[in-house]
Amino acid sequence: MTPRVREILSWYGSDNPGTLGNLARLLNHGKLAGSGKLAILSVDQGFEHGPARSFAKIPDSYDPAYHFELAVESGCSAYAAPLGAIEACVRDFAGEVPLILKVNSSETLYSAKGAPISALTSKVEDALRLGCSGIGFTIYPGSELRIAMSEEMTRVAERAKQVGLVVVIWADPKGELLSQIGESSIDVVAYGTHIACQLGAHIVTVKVPSAEIEQESARRTYENQGIKIKTLVERSRHIVQCSFNGRRIVLFSGGEPKGTPELLEEVRQLAQGGAFGSMMGRNAFQRPRKEAVALLHGVMEAYTGRGL
Amino acid sequence: MTPRVREILSWYGSDNPGTLGNLARLLNHGKLAGSGKLAILSVDQGFEHGPARSFAKIPDSYDPAYHFELAVESGCSAYAAPLGAIEACVRDFAGEVPLILKVNSSETLYSAKGAPISALTSKVEDALRLGCSGIGFTIYPGSELRIAMSEEMTRVAERAKQVGLVVVIWADPKGELLSQIGESSIDVVAYGTHIACQLGAHIVTVKVPSAEIEQESARRTYENQGIKIKTLVERSRHIVQCSFNGRRIVLFSGGEPKGTPELLEEVRQLAQGGAFGSMMGRNAFQRPRKEAVALLHGVMEAYTGRGL
Amino acid sequence: MTPRVREILSWYGSDNPGTLGNLARLLNHGKLAGSGKLAILSVDQGFEHGPARSFAKIPDSYDPAYHFELAVESGCSAYAAPLGAIEACVRDFAGEVPLILKVNSSETLYSAKGAPISALTSKVEDALRLGCSGIGFTIYPGSELRIAMSEEMTRVAERAKQVGLVVVIWADPKGELLSQIGESSIDVVAYGTHIACQLGAHIVTVKVPSAEIEQESARRTYENQGIKIKTLVERSRHIVQCSFNGRRIVLFSGGEPKGTPELLEEVRQLAQGGAFGSMMGRNAFQRPRKEAVALLHGVMEAYTGRGL
Amino acid sequence: MTPRVREILSWYGSDNPGTLGNLARLLNHGKLAGSGKLAILSVDQGFEHGPARSFAKIPDSYDPAYHFELAVESGCSAYAAPLGAIEACVRDFAGEVPLILKVNSSETLYSAKGAPISALTSKVEDALRLGCSGIGFTIYPGSELRIAMSEEMTRVAERAKQVGLVVVIWADPKGELLSQIGESSIDVVAYGTHIACQLGAHIVTVKVPSAEIEQESARRTYENQGIKIKTLVERSRHIVQCSFNGRRIVLFSGGEPKGTPELLEEVRQLAQGGAFGSMMGRNAFQRPRKEAVALLHGVMEAYTGRGL
Amino acid sequence: MTPRVREILSWYGSDNPGTLGNLARLLNHGKLAGSGKLAILSVDQGFEHGPARSFAKIPDSYDPAYHFELAVESGCSAYAAPLGAIEACVRDFAGEVPLILKVNSSETLYSAKGAPISALTSKVEDALRLGCSGIGFTIYPGSELRIAMSEEMTRVAERAKQVGLVVVIWADPKGELLSQIGESSIDVVAYGTHIACQLGAHIVTVKVPSAEIEQESARRTYENQGIKIKTLVERSRHIVQCSFNGRRIVLFSGGEPKGTPELLEEVRQLAQGGAFGSMMGRNAFQRPRKEAVALLHGVMEAYTGRGL
């Protein structure tokens, strides 16, 4: 147990030792073990975008075992996925990598312009029987249906914390009144981060924020207070600040697939700004396996600032 | 227990031996026993379309015993039906054929254009007292009401798995934003298949997909990645791929009544693409009994590639 | 236990001794202990307006510990905040200051003109495990969604009262049919105050009311009956009257940031009219720490009419 | 919050902030506030020995209000009693003194030689509605019925800890195979102390131990290891050691009524040995009120080693 | 994950992946990680024999943190203890060593000749909130009260297995009709081992068996079938055989304190016979710390047959 991991655990004073143990498990697993940084492989794109759009590029990735293997081989801190994918392979990988059960998911077969919301697709008891260290929950701050999501979240998180699981919130602002650019603007991402923290997340995952500002009411503050958001380093620092001044673990999702140098540069800047790590999805599993492992290692190195 | 059945059971590592036992019961019953293929007779059309539309053609089929007899006589792997039909005859057929209790159903007395959803019509406890091997649940990915269905599904499946039942999901994409052609387009059926797998289905049943593509976002992938979907063999192969790369049993429903040669040709192509079997309904029970048995045998032969 | 505190407790005859004990804890803590007055620090602006707009001015205030410290250092009667902020620091401050868990919150990422409503973000059980003395709930009288809020409130308050917690209602009239000026008009604030009392609040928090009158139906009464509302002292007296003739504790929220002399003059007038205290937010934590403490002390002195 | 209180709270790392808050409340109340010592008035003798035996000497003490007043007037850390006595007066004393609800009790109307056991007489929910800071539970290690008591204790303590209450165990070894002298022998009291700690008590109350040794198996250890038990100072030190080496708060009950100088000398020796305080009963309330207050003050002074 | 650990996990086919994950955690922790052997430090002697008899020899061991430290420092596979000892220190050691919560315990303050039975002292929910990998339960085959124990065991194990915990049974034959020598006779220990396996234990702990035979009915079989039980190697082999022919992990408890060479020789013979490891108690913590660590290392080396 490194001093840094101990320090991070000390921020979770209201949580029981079960949750602390599972948090420690994430922080002490894989190549980033002990560094206080996390690189988590997360694969729910099949559910969110459909299987072909997600897996056709690397046909082996249609097989849920592929993702377990990728997480294990690359030394990720954890692997996050919906119920079915975990059920299909977990026995074969029991004890190999900490797991996070995504308990809600969206699908784009229903793609109305209306208020976004995710469906509950599994339960805290599932996480226990499958041996997961935590549960993952997506919220859409800005959605007209945020009320329903928040109440569901509250109920799920209460039980998860009772039984010693870690609660990871994917904060993905989205809604009728947010522009598409606005969804990843710095003010909106910062706001979504803070909401996730206030809802009691142990770990928050957000998009990489742009330098745009969406809300006029926020613009005044950013300008008047001279909040630095020009560089990604600065924006990373601001997001960390907005997650209880760094008292909550905040990860950035890789988002849309992009080139390796571009992605690694992005991660280096996030890391320099104090980010706690990355939630990697398409950028990992939509690359050929060797490249994917290399990329994940590159990401990990960016967080530790040294070779693995 | 054939090696193939063993192999299939090995994919269900998170399930308890009760569920495995019931899965084995399906796989080892009837004329397809041991082949790893399934032909299930499923009769819920009376509920879905009304009795006259369903049974008038073969008046004997108003009697639920008729369907039990058909399943037994033809050597089907299992028989699936809603509560009432099973309650009416199960004592007389106890031990004769594995049963799947359809726990939700739709009716077309209410036929508004609105968001499709099924009603819960029976419970896991019913499946136990009636000696069923599994429960069946229909979902409508793409419906505005997918959230409610998903949560209900999650709750029902959790209990079914606890008590060792098999969970069969009928994945039937349908909703305000899908065209009627789109409901059986290859991209949408593939997506629905994957959602059912992610929701934790042991067996998925889907429509026979057409070569159409519904979603523009998907079209790009199918074209750019050169996913082969021209022939039904190819589409069958793609659907199997989208069900966890073949780690979940995927069946195709017969759909609308059609001529025998046409239907058998369809099944042969599905089989050639790797389909695990067929969920037969109207195409069986709306034929005179002898023809129905012959057709079912034809279907079974198509899956094994040899005489019975 | 001062006679005044005893008198106040005597108004809560239907409440169990647990709730009385917690009410006494608020009334006997901090610099106002025993005076029958309350000064509560409340920080949910991060959730309501976003983190930058709330905390950028005093960057230390991004840290939830900052607010605990401010409440303790200034001798506030209690500190109110949403789940996450309390979870993050409560172990370190256990026993230092009474806590009120805000169990619902709004966000302005969703800023439709539509019916305002808050989302439930935590539970009564959370308040118990975190050692809070009460729960806080915001209602928007005048909203089309008041029904849902009221039923939720009813359910939450029932449980809170069973387990001996204090129920604080933030009554914030707001809705499609109220003008923006009307939201703080004397008739509307008075009406909101009374609704909160009728919903069973132990403590009500409202905006500082203006001399405007929003509803024509109310105007007649105010004019015909010669209700005095010209000065803030009079309006404070009227609001106290409307909270069961002073049998419920009614606090005024500080509202928009303003200058120190202006704010203190406002508080003095509220105090003179019989207000029970202030719910301080931005006016406290958006000042430099020393000034914030000084301001809070000024507010407290205004209520007691003497130096601390 | 004194450093000593902080240190004591740090030993309860598995408890939630609610329990820590209530523990802090005990440690920060009354004349011993902040010292890390506790003097608790406990009155269940009416239940245990009958009212006349308990209260006839000081007839005012038939009134449960008398004991509340005594606890408040003398500045005790808390007052412990069964349900009825607390219900009768708690509204009048809400917020005046931390309360501990004795949730089980014995009666001597049933005085068979058989296995001693207490009856559950109230519940954790009662403690919440009455505003108690903790619950008290008596166990009789050595009783043939220890099994039933332990299971009840386990169930009650689980819920108490969930809702943030303090669990006080009165460890009172008693049973068919223990001699009456043995019940307060050093080896038996030490053993009972340790059992209470292992059952998850936050605070343990035990009899003042004599220098006797009851169990032959223990005698060997005490003699061979040279455990010092001759003086009461030494025995107090040993009992503290046996309560997790001082990581749990251990109090000594006053026991049989005795003379003031004798009692105070006893307390001074307990204090010198490191005892955390006294649970006072008959020695307090069976003295005239003034004497009782004086005695309680004497006890408190003995623990702090200075005037109050 | 070594092939041997995989092989061991393969024996637990009816268990869910959660239990497998926790079993893997035990098998992959500490100095024996991956070897398929376990060395567990177990400290419930304070409860079973009283604190002085257990800890006086090494006074530091009165402190529950001492045992956590010993388990961590020596690289044990896990640490087992009752509720209180785990609660007292678990936050400080979260994630440092797998924990087993002893959910029942005996005390020798009640020392009747009567039927032995343990008291339930904690719950499966406690194990979850404290982050334990398993629960431990002592049974006394041969006791008149075996029925009550068995039913309790059944209830506790059912829930433990649902939530993915490992069930460790201490099988300690004891009862009115067994002689004291008989309690560790080979036939009785073998019988107790088998009963624990049949009750659904994942791991069984038994005494080191002597070459005595207690039951006349058994003697005939042992003699007629020529079961080899003369050497400890043979008896170890027989016990492994009786635990489902080696399909369950069987550990031997260290028992009474003995000299280092004697103990290590015993362990070497147990290891040679196929034992899966040792449950170490007094022989570890009743030695000076350095010696204890050295001894534990010696034990571990005996199981792997090589230096650590």
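Chains: A, B, C, D and E, in written order; residue numbering restarts at 1 for each.
Keep this in mind: a contact is a pair of C-beta atoms (placed from the backbone, for glycine too) under 8 Å apart; a residue touches a chain by one contact, two chains touch by 3 or more.
It should be emphasised that the depicted structure is a prediction, and the values quoted were computed from it without experimental measurement.
Participant: Quick one: how far do you have to rotate chain A to sit on chain C, C-alpha fit, nearest 5 degrees?
Facilitator: 70
Participant: Look at all chain centres (mean of CA atoms) and spot the one farthest from the centre of chain B.
Facilitator: That would be chain D.
Participant: With centres defined as the mean C-alpha position, give me the chain D-chain E separation in Å.
Facilitator: Computed from C-alpha means, the inter-chain centre distance equals 35 Å.
Participant: Could you work out how far the Cα centre of chain B sits from that of chain C, in whole Å?
Facilitator: Distance between chain centres: 57 Å.
Participant: How many angstrom between the C-alpha centroids of chain D and chain C?
Facilitator: The separation of the two C-alpha centroids amounts to 40 Å.
Participant: Please output the residue numbers of chain C that touch at least 2 other chains, ranges allowed.
Facilitator: Residue numbers touching two or more other chains: 90-91, 125, 129-130.
Participant: Taking the touch definition from the header, please name the shape of the chain graph: line, ring, star, complete or other.
Facilitator: Per interface graph, the chains form some other shape.
Participant: Can you list every touching chain pair?
Facilitator: Touching chain pairs, listed by label, are A-B, A-C, A-D, A-E, B-E, C-D, D-E.
Participant: Within their complex, state which residues of chain E touch chain A.
Facilitator: My answer: residues 1, 5, 9, 16-25, 27-28, 90-91, 94-96, 125, 128-132, 162-164.
Participant: Looking at the complex, which residues from chain A come into contact with chain B?
Facilitator: Of all residues in chain A, those touching chain B are 44, 46-47, 49-53, 56-57, 59-60, 62-66, 82-92, 105, 107-112, 114, 117-123, 125-126, 129-130.
Participant: List the residues on chain A that touch chain C in their complex, please.
Facilitator: It is residues 11-15, 141-144, 146-147, 149-151, 154-155, 158, 173, 175-178, 187-188, 190-195, 197-201, 215, 217-218, 221-222, 225, 227, 238, 241-242, 244-245, 247-248 of chain A that touch chain C.
Participant: Touching chain E in the complex: which residues of chain B?
Facilitator: So the residues of chain B touching chain E come out as 13-14, 16-17, 162.
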